[in-house]
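One chain, subunit A, appears in both complexes that follow, with subunit B as partner in the first and subunit C in the second.
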Partner chain A sequence: MTLELQKPRPIWQIMFSTHHTDIGLLYLILSIAFLFLGGVLALIIRAELFFPGPQIIADSMTFNRIFTVHGTTLIFLFILPSASAVGNYFVPIMIRYKDMAYPKLNAIAFWMIPPGGALVWLGFADFTWYATPPYSIISAPGPAADMWIFGLKILGISSVLGAINFIVTIMKCKHPDMSMGQIPLLAWSFLVSSMIIVVAIPTFAAALLMLLTDRLGVSGFFNPAMGGDPIAYQHLFWFTFHPEVYVLVIPAIGMMYEIIPRFSRKPIFSKSSGIFAFVLLAVVSFSSWAHHMYASGMSFTEKTVFMVGTLAAVPASGMHVFNFIATMWNGRIKFLTPMMWSIGGIALFFSAGAGGVANAAMPLDFTTHDTYWVVGHFHLFVMGTIAFGTIGFIYYMFPYVTGRMYNETMGKVHFILSFIGAILVFFTQHMLGLLGMPRRIFDYPEIPSWIIGNQIASVGAMIIGVSMVIFLYNLIYSSAKGKPADIHDPFGLGGTYYYPFEAKTPHHN
Partner chain B sequence: MRNLLGLFLVLAILVVIPSVDHVFAQADEPAKYIDRRVLIWNLFFKLMTVAFTVGAVVSGTLIWIVWRFRETHPQAKPTEYEKSDTWGGPA
Partner chain C sequence: MGHHSNWPEWLYVGVIIALMVWVGAEAWNVERLVEHVPADAEVIIVTAQQWFWSFEHEDGTKEIGTLHVEAGKAYKFEIISKDVNHSFNIHDYVVLMDAVPGRVNTVWFAPDKAGEHDIQCREYCGLLHYNMRGKLIVEEPSR
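Entry: the complex of A and B
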């Protein structure tokens, strides 16, 4: 693949290609672009909350619009496409097949994302990324809300098409000599997360249609004024989006499974336990959705069932952490940028998981529900674990994509600043939640502890912002003028690589 | 072995019973009064004690591994897999 960039081609050849590495490149560029767009919105939110009272945003509705598009962008337009970028590059190579099973479908799935993203951004809806009724039906101004619904519909279809392609590619196109047990864990992570998508997304697709018809006034599924039940929407939404958390995190863990043994110069401690933990996470992901809804009037028995279902994810997550630690044990670890991001990701994954246990305990959930604790918790997952794993892997695949090495010093500075920033923002947000600060607020009273907490969080966010500028500069500068990479061993580790640069050869075996 | 199991059972009961005794307040005729706020915050502090203890062990192990098994450590030596080139790569 790297050779493709070293021998420049007309841009349209890449844009209209159906080859998996070209599609992967398109996914990568698009996801990085949306990372920066969503990140700018995050900085605006944090700047607004630096002091009590309106600062830089005119009114609360504009604030709501900004955090709605921030969340939607980073989940659907950064994390999911960046995972697809990695999967497109590496899965066919790892299973030793010439391309994805359905190359044209692969291209279609990618090209559905820009219009979906455009609808979300041009509409700039204000009803949070949950689109929770009855507000989203009765009061949310159109056409922004309708554009968001259509945008999410398109992005959902794209996800399902991509997932079907991954499942068929891995299950049916793997080399005949390979057993399922021989497939690398990164490819396994895409298989498992794709299966979750196929099961979970249709429920949200149905909910979106019901939401749209409710908005049009032809139905009243979730409209209390027409006898509907808004809580039903929450069940449909979380049935999709709690498993979606695992759709996001499982590929990131798969990326760490690729990097950690490589830079420890050892095989994975237990591949079978990694596979088992992936499958276990997939199963329990469907047994815990209503833990988001403890405060919605569920019975004690229901809450207990979902609390136990949620806690069932702990052993599987623990198996991954143990696997990473045991893999590094007795290794000879080389601390280059991808490895630093992976280890930082493990540390923050554990912290996020510990906060998750507190959320899962239903009495505690009543204390933390809808406070900044929850904001800190899920951001620690999506930024601290998923984005850390993904960014580490972007550095890892950089020499394969461009044929050049990124600047190592800048990569390490990027990691250190991001790690410090993430701790400052998200740990402080946990504390703000315990101090009683509600989430999704545009203004807050002049309580000294809240002001200090918000200022610490905002400074942390600015540090992450600076680190991301370094990241962008490193990517652009190094892809044009970086040191040429030794494509057989770009990180100087020895051992056998997957040799992604052979992707365009007719046979991968 | 049986003694060990017995000891474990006794310890488990000693820990569990005080933690759940407030369920008796749910009987038809409440056997005791509870202050939910106190209970919830007690549970929070107990869970945080466990989380910070386990977190310290895991983080400490992680930091020690990172320090001890770095390639620049004076006692670092090639892994057995490096010598035979049997690590990583296609399965």
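Entry: the complex of A and C
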């Protein structure tokens, strides 16, 4: 394993490198930077909503731009790149190959992200992360909207290039002695999520182009004034983005599959059921996209079909939870920071899924749809499950990246504060949804229960904010001044049947 | 791997599947009943536009922002939009339906007792989306 920060190198050497761990490091730094940028936007939103009436933002347009860029940033510039960071570091090592299959393509895929991100941030569009027409055609102010469209186009292509690279690396470059069944679950998670990307993204890529030409006035695909159908866009969009939510969550589950057995000092309960559940999730993820559109005027039959498709994904998600619990059962668990984040993430994953089932049941969705319930639901996944799994993994890989240990106490405090904060924010948002508070609103009427709910949520968000400052300090301080790590067993877990980290540098001589 | 028996997992998966079948069947049944519009429902045309609601009753009466109905009657909303997508929502009565330009979406409800309820927009529609609110006033039956 390359110890980037232990052996100082000029920055340009890392930037122009095509080596998988260097690209991994670039992905890691970029994603952490955007985690903080996007997080600051979230804190601004929560501060604004602390009281009814305008607080710190002068007008609703600015607010609308902030939540649009917040969502876009954390999905495309934090979650996806942070998964790529982990994949770049570990997939080649786990399949025992010297690098990714196409190192130059790997570098290109990474370097498409900064310009894509810059377009999103410099434009600061307001049409929400799903850019629904006809608003996005006739009402959303340019050039922000056009910059967002181009930015997403670039980010989408980067995603597809990265996915192709992972698929080829795993399928074609794995060590000839290795069967597919021997590939660790973390690498499997990248194989499966990459396959979803390749199938799902082109639809949205097409929709983006159609949206752009609609905005230019040369076509009317989604513009009813020109005979187009705005609902068609919603189908194209969700055909990409429902599967995409599994693209986001599957690598995070893969990371937990790496951490849970190691810190339970027990092999995974059933690797084959883990693989099976991944593949099943990938397949059924394509059967449920229109559960986001129950209220768009679909027929009873259509709604029923998509409800069944949605409920069909639940057993596969449940199998992962079972696998984690069965692995920990009777294990000699060592509660260090990475393990705490994983366990917390699993708990929130479970509660998020339970809420998802309520959304899926059509009559209930008319209560929850487009309220804060949905905001709470998907944040339990994107923050509670994915960010938790990923942050735990960042702690886990910290010694391998830097050669030093992070500060364990700060790591634990970070977890405890974030966990409390997440419950305060996202459970309360579910309640606010049941009370009828719509999402994406700059201001709300003075309904006492709404005020209290918003204040609890805002306090929770501030607690997460504080914990993240501790995280940042820990990362920066420990990578420069942390205790040197015992690179063979940094967490003192002992045992020999775990993944041999020494074998991770076959190419290093 | 494979040395331990896997029956607890199969049992667990079986329980989840059974639960999902139950949730799905219940939801299917309730939705089927809820969508059945009574034959005598009065039609109210709901027009959404940035950023207010207007209503037109069967007898031609028009209202803006505030909608008056009578308790004990059934009403069918025909929802249209003049510009972008909106979503017509009376949360207290679980009335929610998108207003999509170029389409007529319908939803019905039957207020049971007199009172005042909020009408709001639940689909992002731009600048004043947060303030696209109205009032539903349910009056005592006239007869």
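The rule we apply is simple: the second predicted complex is superposed on the first by the 491 of 509 C-alpha atoms of A that agree within 3 Å, B and C clash if a C-alpha of one lies under 4 Å from a C-alpha of the other, contacts with A are read in each partner's own complex, and residues count from 1 in each chain.
Methods note: a contact is a pair of C-beta atoms (placed from the backbone, for glycine too) under 8 Å apart; a residue touches a chain by one contact, two chains touch by 3 or more.
Computed from a prediction, not measured in an experiment: that's the story for all the values here.
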Which superposed partner A:Asn64 touches (first subunit B, second subunit C, both, neither): second
Which superposed partner A:Phe442 touches (first subunit B, second subunit C, both, neither): second
Which of subunit B and subunit C A:Pro363 touches, first, second, both or neither: both
When both partners are placed on the shared chain, which of subunit B and subunit C touches more of subunit A: C
Touching partner for A:Asp489 - first (subunit B), second (subunit C), both, neither: neither
Which of subunit B and subunit C A:Ala354 touches, first, second, both or neither: first
Partner chain(s) touched by A:Val314 [first = subunit B, second = subunit C, both, neither]: second
Which superposed partner A:Pro267 touches (first subunit B, second subunit C, both, neither): both
Contact residues common to both interfaces of subunit A (with subunit B and with subunit C): 267, 357, 361, 363-364, 366-367
Subunit A - residues contacting subunit C, complex: 60-61, 64, 126-128, 132, 134-135, 138-140, 224-225, 229-231, 267-273, 295-297, 300, 303-304, 307-308, 311-312, 314-315, 318-319, 322-323, 326, 357, 360-364, 366-367, 369-371, 436, 438-445
Interface residues, subunit A side, partner subunit B - complex: 94, 96, 178, 181-184, 261-262, 264-267, 321, 325, 328-335, 343, 346-347, 350-351, 354, 357-358, 361, 363-364, 366-367, 494-498
Touching residues (chain side subunit C, partner subunit A) in the complex: 1-2, 4, 6, 8-9, 12-13, 16-17, 20, 23-24, 26-28, 30-32, 34-35, 50, 83-85, 87, 89, 91-92, 94-98, 100-103, 105, 118, 120-131, 133
Residues of subunit B defined as touching subunit A within the complex: 36, 39-41, 43-44, 47-48, 51, 54-55, 58-59, 61-62, 65-66, 69-71, 76-79, 81-82, 85-91
